[in-house]
Structure formats: structure tokens, C-alpha cells
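Below: a set of structures, written as C-alpha cells.
Each of the next two complexes has chain A plus one other chain: chain B in the first, chain C in the second.
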Partner chain A sequence: MQELVTRAKELLADGTVVRVLGWKRGDLSYNPEPAYFNSQEELEQFVYDGFCGANLSKYMIEGSKKEGKTLVFLKPCDTYSFNQLIKEHRVDRDKAYIIGVGCRGKLDVEKIKAQGIKGIQNISGAGIEEDTDTLNIRTIYGDKTCTYGSAMLERCHVCKGKEHMIFDEEIGESKDTKDADRFAEIEKIEAMSPEEKFAFFQKELSKCIRCNACRNVCPACSCRKCVFDSNQFDSAQKANVDSFEEKMFHIIRAFHVAGRCTDCGECSRVCPQGIPLHLFNRKFIKDINELYGEYQAGADTESKGPLTSFTFEDAEPGIVVERR
Partner chain B sequence: MQRIGVFVCHCGSNIAATVDVKKVVEMAALEPGVVHAEDYQYMCSEAGQAKIDAAIKEKNLTGIVVCSCSPRMHETTFRNAAKRAGLNPYMVEIANIREHCSWIHKNMEEATKKAVILARAAIAKVSLNTPLQQGESRVTKRALVIGGGIAGIQTALDIAEAGYEVDIVEKTPSIGGRMSQLDKTFPTLDCSACILTPKMVEASAHEKINIYTYSEVEKVSGFVGDFTVDIRKKARSVNMDKCTGCGVCQEKCPSKKTPNEFNRGLNTRSAIYTPFAQAIPNVPVIDREHCTKFKTGKCGVCAKVCQAGAIEYDQQDEIVTEKYGAIVVATGFDVIKLDQYDEYAYSQSPDVITSLELERIMNAAGPTKGHLERISDHKAPKNMVFIQCVGSRCADKRGKSYCSKICCMYTAKHAMLIRDKYPDVNVTVFYIDVRTPGKNFDEFYRRAVEEYGVNYIKGQVGKVAPQPNGQLLVQGVDLIDNKQILMEADMVVLAAAIEPNKDVRKIATMLTASIDTNNFLTEAHPKLRPVESPTAGVFLSGVCQGPKDIPETVAQAGAAAVKAIGLLAKDKLLTNPCTAKSDELLCNGCSTCANVCPYGAISYIDKEVNDHGIRETRHFAQVNSALCQGCGACTVACPSGAMDLQGFSNRQIIAEVDAICR
Partner chain C sequence: MYKIAKENLSALFQTIAETKELYLPVKISGQVNFAAWDEEAEVSLETLKTVKSPKDAFFPQSETLYTCKKEGKKITIDPEALKEKEFVVFGMKACDVKGLEVLDKVFLSDPVDTYYAARREHGIIVAMACHEPEESCFCKVFGVDCAEPAADVSVWMVEGTLYWKAGTEKGEALTKSVESLLSPVEEEKKDGLAAGISELEKLELEKQKIRGIVEQLPYTQLSLEGWGKEENLDEKFNSPKWEELYHPCLACGTCTFVCPTCQCYDIKDYDTGHGIKRYRCWDSCMYSDFTMMAHGNNRTSQMQRFRQRFMHKLMYFPVNNDGMFSCVGCGRCVEKCPASLNIVKVIKAMGGDQ
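The block that comes next holds the complex of A and B.
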């Protein structure tokens, strides 16, 4: 981590960048937050450890509008979002100096709590350079431990890989943490009857409190004015008619990001209600892969997305695809 | 506030017999904004239009709804009527209560209920309509004909004769198409080549016609009057200007094992070849897949023997981009593959052939020099059996549901020619029906039966079994005598169904022209617009639209040419004002709309905006309304809802849905 700070200070000092976009220490050891650092002094607050899950790509939409270059730290999976934003002309590549940072999987404090570890005061072992597989947790009930893997975010278990898709320089080693099938959960849902599917999503989506955290964090949800906020459509500020009305919000959102979602998993990470929102997007990704061939949004900045390009090999829209 | 008038048409009894028209008027009058509602016998009549005119003027109507037939029938009529009365023609909406309602329902109460709902939706939409103005677009005075068979040649000749430039794009190395493979033509029995070749020569010599052979259409953009087409000229490997057509290269070419497509694979050809003697242009191509030089790098005989030095191994495919005002599709047909028809032993015995193969066998330039003989042992046949409707009028999925239309006649022709030339050969034809509706067609068929003694049996063949002695055992049924038939034949000829050329799907997709379930191109109207595609500026010629014989093809080719000429003769076209428009304040500049736009109508501009005090340069979409065809693809692809279609805005459509669901 110190290497990142040193390098950031160098780049500020030599005028390559005028600000740094990174993560800053929070009030607890497990809640760092995205932040701009405008001076070398401010960088004392910089932190990069296992809890820095936040994808900073989307912040570069604002960053691109600021004067001068911004140094941004991107984890391998974040670079897909950044590429996708370049493709959609939402960020300016020339306004960003990208340091690809290493990653050994990001942690979710909820996963630790789910293991019965409550009253957390401090967590150690989450540092990026640390070579330990054990997290030491000091709680008000005494010291506890758990494995690093057991506390990882779902998205890290289906990690897209160690490579940065875009960067100016790379600092630190990454670890491929993939140990699960990305589509296993989707296949389970596909196997359900329509009634079971409905019940499953009703159960999950009924928890939604419409805090908009998923939308606000999503790098694909980058519209200047969201259709859900616009008075041009009758959907803005609409009250629930029934307890399940929120499904419309999430389903429409999934359609809007289909073909552009990089599966960065931020929606599920930030959901205060723990709704597995990534399942919607991943279902679209699976369908796109099956109908139009393997496609990873954000793997490059040039290719046309499968839903916005037409080839003679495309599945005919009128033909109902036979499902298992 | 809009002042809306509603006019409900009886259409004689077409609507009034199933829909309570008075009730529709009564209910419509209750809708918000409606200040006038009336019904009339025939709204499209002069008296009906006069009522609309009077109401617009007297009641100061700002929008009207006509509840009548499909907008495809009379939308223009009513728009013009509104225009004459001083109302913007785009303030007119049609509620289709005939095709969508009265014609498909029997119960009056239910049909009336539905008619009221349809009227309500149209009223809801017209309340949100805004006046629109038509623009103008230019017409490129040049036509493209895709396909160089008799249909394409005739269309091109007719357009060229009217004084317009025409390009023919033909996939194979020569124009001529299917007709060049035929030996004789019914019902006059004149030689196919003798009547086709002069047309080919005329087309190639015509100063207004430019022919691209061994070329394919690669990309089509633009719209009626202003298409831009990329044509891929495949590498011929022979210089068209230098080649004298002497044919020495073909004689000397050592790779002579390639199945000859022109002779339907009945013999072989060299790797450098012209498909047939009268080919136009008379310049060979090198089939790179089968050429030793291209496969191994060793050979080069053709280059050595070519006196003119025309062989160019390093030729590359070339893309030519041209602009056209009209496009005529004349992609023709092929016979179906018979691998699904094992019972006729087509793949088991070389003596079971298709009728098109028989054409080649009977042809003096064909694989047997015109001698009727078995392919297996070159013996002259004594008994021949023709089987009709192989894959045509087929109830199951193996074949086609339609009648291929030409088989009855060409089989009568084959039977007659064989009996005439080889009177000792017995000819039997198994048929379901003999269909001869054409000038002199039935007389022709009767001659085959009565004068030439062809044995016609009504009934189908269940099985053709090759025997160890080389004979073919045909098991059929005679439905008239109600008995099983078992007979030996030396040759069996299958009247295989015809189907549109395989490439038509690709071409239809490029042209956004619609095709039916059998891959035939669809007409704009099956009766009244039979040579026009529903896509403006695209016309249909020949079998690509449906099975037809040569005279019909030529007639349709001429009709397609006339339609194309009618378009090319115009200097300007009025454009549809229902085009897309982007809202600057909502657009993210993400380019999704530009990616999905099939007309290339969307570009991006950077513009400084002041959005609530924030000045910034933004990248956003701009629609070229001259190019936009109003398809709406962008409006559904736009994630932020910035893109909207004028005349069919999201709000209008939602208002219609709401009105229906109310």
C-alpha cells in the first residue's frame, strides 16, 4: 500500500496528475470509502486493503469533467467498467492516469458477521501485501479468526482474472480467487418452475427499500437523468401499488444495463438489504453468451456490443429459443 | 386543449354489420377533448370527406380520429382531406375497426366494445400529436438489379431502355441464370439458349447497363431514392480486359476433377473455367478452392499458356461502392436438396435424377452431348418414370407446402421430347394433379398424352428400389384404377420442388425487405402491389417472390422495371416526418442509438450546454432526419429515454396503452 502512496505523491509532485482518486480510511477498519486526494498531505488518509471493494471507474465520469488529469486506482475487475465507460463516451481516457492495483479478493464484513462473529472492533490480515489466509478479528467478545476466502465477496469467487484491461502502470501482484462457477446460481434458477421463480424473486425484491444505492453505484447506470427520476416518464417518484412493485425497478434496470453490464458486482455489494441483484444481470449475460457467443462487456473499448450490432449469424428474434 | 373530431365509418356493411357504429359515436363523444363525433356510410367517399372538411372548419378541430379500415388503405386519403381543410395532416389518427375488429369478430356486442376501445386509444394518441412537416430527399438516377438471370436481365434492359443507368450484380461467373441451364422451353419447345442468349448479349452491350459478374452485394445502407451499396467483386484471377476468351487455359488446366455446377455435378470441369459456352462475359475464373496453384503453389499452367498474359494469381477481392435510387431483387431459385427423400433412392442410384439434371442430359452441350442415356452405364433407357411433386405440396416438414408451379409443364415437355426423339422409350408419369393454367398449356399437356402416348398415372410413388441388375423397381399406386403398381424403370426423374436461392435471406436482411416462411420475398400487397417489397424502393422480379415460369417471370420483370422507372423519374421524394429526435438534456452520448441505427442516420456532436448553471461541453446524438426512416430502433435502445420518435412518441404509445387498459 505504501508503494501506491509513494507513487501517487510522485505523480502529484511532478505534475502528471492534479488529484488522486482512491480510497480513504473510514471510521471503522472495514469501511473505507472512495475519495479524491488533492494534495500529498491528504494522501495520509489513503488506504488500500481487502475492504476496498468500491469500483472507482464511475467516479471518473465526474473526474473527466475536472481540470487536469486524475490518478485513479483500478483493480483488475474495475478496468472492465472503465473500458465500457470509454466506449460509451462517459469518461475521457486522456483525463485519467490509471494505476492498475493488485488484488487478492475483496472482503465483505457481512460474510464475517454471518459466521457468528459479532461486535467487531478491528480486523487485521486484510492488507494487500499480507500473505496470510487468516483474518484476525478483535471483537467485544474477544479475539476471533476466520479464513480470508470465507469472507470474500461473491464476485471474487467468480473472479474474471488477474489481468488489467487498461492501465498506464501496474503496481502489486494479483491473485486469481476464482473457485466457483459464475452461472451455477443462474442455472439453479432456470431449473425452477415459473411459480418458484416468481416466489424467489418476490422474496428477494420485496426487501428493496428503493434507496437507489444499486443504481447510484452501477457504472452502467450512468445516465445524466435516470428514467426513474425524469418527469417525462410516468415512472418517476411512483409510489408502490403493491409490495412487489419494486420488481419493475430492478427488471427495467437490468434491461437498461443488458449487454453493457460487466458483472462488476457492485450492485450486490452495496445493497443494504442483501438482495443478490447481480443475478438479474448475470442471467442476461448468460443468455447473450448462448445466443450471440461469448461476450465480456468492457474487455475492450472498440467492439460493438452483441445487443447493438447485427450479424447474419444472430439468433432470429422471432424464434423462441428452446430452453432446457 | 385539443379539439378532437371523431368520424366513424360504416364501410357499407363491412363494419356496420358487426359493430354498432352509433354506439361507437356515442362513447367516443364522451372522451376528453372530443367536441365532435359522427358516423357515415362511406367516410372515404367524397361526401364523407366533405363531412370531415366541414367539421374541421365549423368546430375548429385541432385533431381528428377516423374509425375505419386499415391505415394502409385510407390514411393518405384522410390526411389529404385534413390538409385541404387547413389541418396539419399528421393531426389525423386512424382507429382500424375493420381489419382489426369487424372482420375478425362475429359477436356484435364484443366487437362494438373493442371498436370503442380502439377509438379511445386513437383519441388518446391524437391528443398528444403535434403538427409535423414533410421534408424532401433526392433520387439517385441509377438502379441496382441483384441477380443476372432472365428476370434480372429483363428488368435491367427495360430500365436501361427508359434511359437510366443499371448495374446487374451476379454471383456466378456469367449472367444467364437458371434459364441458361434449360434445354427447351414449354409450350413452344424453342431452344432456351436461342432465346436467352440474344438478351444476354443485348444486356452486356447496352451502354446504360453495367454488369458485375462473380460479385455479391455486401452491404446496403440508405433508403428509397438514395441507397449506398457495397459490391464485392470476387477475385477472378483473370484480367477481364486482357482475356480474349480463347479457352486454351481451360483445355490445358490439369485439375479437371471439380464437379461441374452448370451441369448439376453430372460431369467435371477444370479449375479455371467459364460455366458454359455462351457465357457473358466470356472470361474464365479460377476456382481457388480447387486450383493446384492456389492449393500447393505449384502449377501455373494457365499463366504459361495464356497468350494474352491475362492470368493474375495475386488478384484480390475488390469492394465497389455505388449509389442507387432503386433496387430490384431477382435472386431466383434452386431445386431443393433431396437428402430427405430416401424413398426415391436419389442418393443411392445415379439413374435417379432431378428434372434439372435431365435438362442438362438432353442438352447438346450437356454431359452426354444430348444423348439420352443412363449415367451409370451409358445405356439408352427403355422405360422412364417421372415422379411429380417431390417436395412440393408436401404436408410434412420435409418439403414445401406450396406448388412449384413449373413441374407439370416441364415434365410434359420432357415426356414429349423423349417420345418424339426416342419413340421406343416408354414414359410413365406419376402425378397428384396435372396443373396447366396458362396460355396453350393444357393443349400442350393433352398433346403429350394423346399424340405422344405418354402414360399418365394419377397416384404417388412410395418407393424406388435399385435392383442388383441395375434396374429401378418403382412401387406406386394408381388411384383411378385403385391398384398397386410395380414396374421396372431404367431411369427415374424427380420433379423436385423449387425454393428461393439460399442467399435471399442475407439479401433480404440487408435490404430490410420481408420474407415469408418459405423464404420467398413478400410483396407490399399480394394483389395490388405484387412487384413491390414493403420496403420502399425495393422491387421484386422473378421467382424470388414466388414460383413462376419464364413468361410470367419476364412479365413481372417488366412490371418491376416500370415501378423502378416510376421512382427514378422523380427528382425529389417527400420524406416521412415521423423521424427520431434526441433530447439534448437527457442524452448521455453513449452511442447505443448510433450502433443500432440501420440507416446510419445518427451522428454525434460536441456542444457547449448550460444545464442549470453548469456549463460544459457534452457529446450527444443528432439525427439526420433525411436519413432517418422512423423505424424506432434507437428509441427502444436508448437507456436514458433521450431518443423519441415524432408521431409515435413514448408518451403517445403509453397513452394508447393506458386508454386500452382503462
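The block that comes next holds the complex of A and C.
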């Protein structure tokens, strides 16, 4: 981690960048926050560890509007989002100096708590350079341990890989964290009857509190004014109504990001109610792969998206009936 | 003081539910929130914090206020019926109860919010002590004692026994209605424990244990110096720190919607095709159309909206309500903010030493 700070200081000092976008140490051992650093002194607060799950790509929409270049630290999976944002002209490549950082999987404190660990005072073993598979957790209720893997975000178990899709330089090693099939959960749902599917999603989506965290964190949701916020139209919807969340909000959002979602998993990470929102997006990704050929949004900045280009080989609408 | 064995709680819930609506922490799809009890409900009294606070029971996230219908040239307006049936909210925590005191200041002051007042009148609160407080808790900072929750009925769970103490007339009436399931705690009797102490003494020891844990929590020593005082209002409002603090904020409504004291709402009309339903729903000061008026919006940046939330809780509210802060230290925002921002970080960054 120190290497990142040192390099950031150099880039600030030689004028390559005027600010740094990274993560700032929190006041608990698991709550660092995304932050801008404007000076070498401020960088003393910089942290990069297992709890830095936040994808900083979307913050670069604002970063691109600022004067001068911003140094941004991106994990391998974050770079897909950044590429996609370039493709959609939402970030300015020339305003970013990208350091691709290594990643050994990101942690979710909820997964630690789900193992019955409460009253956390300190967590060790979450550092990026540490070569341990055990998290040692000091709590008010005694010392506990859990494995790094058991505390990892779902998305890290289906990691897209160690490569950065875009960067100016790379610092640090990444680890293979993939130990599950990306589409296994989708296949399970596909095997359900329509009634079972509906019941499953209804149960999950009725937990939604309409906080918009999934939308606001999503790098693919970058409309300046969301149709659901617009008070110019009847589509605005602030009320927490199950029928809306189950049949409209999340479904429409999934359709809107289809073909553009990189599967960064931020929606599921931030949901306060633990709704597995990534399942919708991943179902679309799987369908696109099957109907239009393998496609990974954000793997590059030039290719046309499967749903935004036309070819004579495109699936016909009737495919819906055939596949039912 | 009464008691009931943990394994008999479902019978207790059943009995309460025979005559009243009963809301308590229920696990649904992995998350625990207050929900109506039924026989299949997976009740989770061990859960320290429900995701949302129980404020929904008194101030629902969305509710219809009245319905307008037009027939020919005649328009009828039907107000929604007020709560008439008694209901019990079981397992609220001391911080959540304190949260209701904050809401009372808002909704029971003139002009009284009749929908809220009816729910307060018919709601019976059974509050539970927090036996294992966690690192995100800081209720003591706001004068809350989680070992001694004050409500219509206060309950403690000690070694598989739920101790039950009525604190108000409503609580006495509820106790009477379930008396057959409760057994009295004999105050003097030593219950044969190794230490030879009575059950009441055992309960006191439990409370001491809880207070001991609270002292060890990382946020317990948080200082509120400088907050809540009118003379500091301009200084806080104009602090350059807001500009640094707000940056990670995603402008989502998570903090406001899990909060037991956030009380802002929006009122809108829903066109049913043959009439209008006028409803209200929780609003969030984090949203861009919050307090939108005909001339536009008086807060045009996220920094201003972010500042509003904390200035409201820590300055405007206490200044207008005899020093009562509108934060109760439940720590839900600490746990749930997607960007790991929260009121504690704000208090620390701008408090005491300033």
C-alpha cells in the first residue's frame, strides 16, 4: 500500500496530476470511504485494503469536470466500468491518470457479521500485501477468526480476472479469487417454474426500501435525471410500494443497463436489504452471450454493444417464444 | 415484574395476536425487519438492529391520506380511516423508543398529525434491552440507556428467560391480557444459583454487564460539544469542512430511510384513472427534488443537501426543541451507508475542538 502513496505523492509533486481519487481510512477497521486527496499531507489518510470495495470509476464523472488531471486507483474489475464510461462519453480519458491496483478479493463486513461475529474492534489480515488466508478479528465478545474467502463479496467469487482493461501504470499483484461459476446462480433460477421465479423475486424485491443506492452507485446508471426522479412526468416514483419495486423499478433498470452492465457487482454490495440485484444483470449478460455471442461490456472502449448495433444475425423477437 | 421462558414466547405472540396486531423483528429473505407476526414468521429477537427502524409502525414509509372521486359534477373526498385497532410493537430497542420521542415533537405539536397521533394512541410498545451492543452503537452519547429501555413494557432476555415489567397503564393492560402465560418473579426468593442471588439481582447484574459493554464501544466517548447551540449555528453552517465531507455521498436515501428519526415526507397525487389518491411517502434530503418549490429548489448542490441532513439533526432540531438532538445513536447509518459516510464521521470532523 505504501507504494501507492509514494507514487501518488510523486505524481502530485511533478504536476502530472492535481488530485488523487482513492480511499480514505475510516474510523472503524472496515469503513474506508472514497475520497479526493489534494495534497501530500492529505495522502497520509490514504488506505487500500480488503474493505476498499467501492468502485471509483463513477466518481470520475465528477472528476472529469474538475480542472486538471485526477489520479484514480482502479481495481481490475473497476477498469471495465471505466472503459464503459469512456465509451458512453461520460468520463474524459485525458483527465484521468489510472493506476491499476492489485486485488486479492474485496471483503464485505456483512459476511463477517453473518458468521455471528459482532462487536468488532479490530480486523487484521485484510491488508493488500498480507499473505494470510485468515482474518483475525478482535471483538468486545472475544477474539474470532474467519477465512478471507468466507468474508469476500459475491462478485469476487466469480472474478473476471486479474487484468486491468485500461491503465497508465500498474502497481501490485492480484490473486485468483474465482471459485464459483458466474452463471451457476442464473441457471438455478432458469430451472425454476415461472411461479417459483416470480415468488423468488417477489420475496427479494419486496424488501426494497426505494433508497436508490443501487442506481446511484451503478456506473451504467449515469443519466443526469433518472426517469423515476423526473417530476415532469408521471413516471416519477418516490413511494415505497411493493408492486412498483417488483414489477417496475428494478426490472426497468435491468433492461436499461443490459448490454452495458459490466457485472461490477456494486448494486448488490450497497443494497441495505441484501437484495441480490446482480442476478437480473447477469441473466441479461448470459442471454446476450447466447443470442449475440460472447460479450463483456467494458473490455474495450471501441466495440459496438450487442444491443446498440444491428446485424442480420441478430436474434428475432420470436426467440422469446422459442426459448420459453 | 413477570417472566416467561423463551420457548413459550410463540404462545405469548399467539395470545397477543388474537386481539391485537403484533409487529416484531422477522427475518425475510435473510434480512430482519419489523413485520406483522403470523405463525410462520421467523421471529428474530436476537437481532440487535433491524435494517429499517420500527418507525414504519407509526409513520409508514407510504400511506394514502385521502381519495377524491369525481362523479359528474360532484367531487367526493374520503379521508383514510385513522388507526382504531390496538397494536403491539414488540422488541423495539431503547434508541428506537427515543426516536419516537423525536417524532412526537414533530407530529404531535400543533397542528397535530392525526394519522400519526392515532397510531401513537393505539400502539403499545414492548421495548427490549440490548444485551450485546455493537461497535456501531452510540446511544449513550444521546442519553439513552440501552440496559433499561423505558416503554409501555420493558423486557430483558437473560439465560433463556424473558423478564417483563410494565411501565405504563397501557403496559399494565397488556400484561393483564397475557397474565396467564406469565409467572411472577418472586422478588426475595433466592433461586438457588451458586451465588445465591435472587432473579432481580441477576437482572441488575445483566444491566451492569450491558453498561460495561457500552463503555467499551468505540463511539461511546463521542463529544457533542459545539452542537445543538444556536450561537454556533452560523459557524457550523459556513464551515469549509462540508465541502470535503460530502464528496463520497452517492445522494441515495439509505441513511434517511433506515433512520428512526428522519421525518421528512413528500405529498403527491396518484391518478387512479377515475379519481385521485393523495398519498405521502418518506422523502430524503439527499434527493434533488427535496423541498422543491414553484421557484425551484433552495438547495442546488449535493453539498448543501448533505449539510442539511446533519445540520437538521444536530443543530436546527435541538435549537428548536429544547436541546433534543434528532439523532439517537442507533448506528444504522453507520452500518448501511454505501459510501461509509455517517453522522459519527461528521460529528468528529466538525465537533468539539472547533
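Operating definition for what follows: the second predicted complex is superposed on the first by the 306 of 324 C-alpha atoms of A that agree within 3 Å, B and C clash if a C-alpha of one lies under 4 Å from a C-alpha of the other, contacts with A are read in each partner's own complex, and residues count from 1 in each chain.
Basically, contacts are C-beta pairs under 8 Å (C-beta built on N, C-alpha and C of every residue); 3 or more make two chains touch, one makes a residue touch a chain.
Keep in mind it's a predicted model, so treat the numbers as computed, not measured.
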In the superposed arrangement, does A:Ala35 touch chain B (first), chain C (second), both or neither? second
Between chain C and chain B, which one touches more residues of chain A when both complexes sit on the common chain A? C
On the A-aligned overlay, A:Ser222 touches which partner chain: chain B = first, chain C = second, or both, or neither? first
Which holds for A:Tyr141: it touches chain B only (first), chain C only (second), both, or neither? second
Considering only touches as defined above, state whether A:Ser268 meets chain B (first), chain C (second), both or neither. neither
Touching partner for A:Lys65 - first (chain B), second (chain C), both, neither: first
Touching A:Ser81, do we find chain B (first), chain C (second), both, or neither? neither
So in the superposed three-chain picture, is A:Lys118 touching just chain B, just chain C, both, or none of them (first/second/both/neither)? second
Look at A:Ile209 in the shared chain and tell me whether it touches chain B only, chain C only, both, or neither; answer first, second, both or neither. second
Note: overlapping chain A surface for chain B and chain C spans 234
Residues of chain A defined as touching chain C within the complex: 26-28, 31-36, 54, 118-121, 140-141, 203-204, 206-207, 209-213, 215-217, 229, 231, 234, 238-241, 269-270, 272-275
Contacts from chain C onto chain A in the complex sit at residues 28-31, 33, 48, 51-52, 61-62, 132-136, 213, 216-218, 247-248, 250-254, 256-258, 266, 268, 271, 279, 281-284, 287-289, 292, 334, 336, 338-341, 344-345, 348
Complex interface listing, chain B residues touching chain A: 505-506, 509, 583, 585-592, 595-596, 598, 604, 616, 619, 637, 639-641, 650-651, 654
Hey, which residues of chain A end up touching chain B in the complex? 65, 87-90, 222-227, 230, 232-234, 256-257, 260, 304-305, 307-310, 312
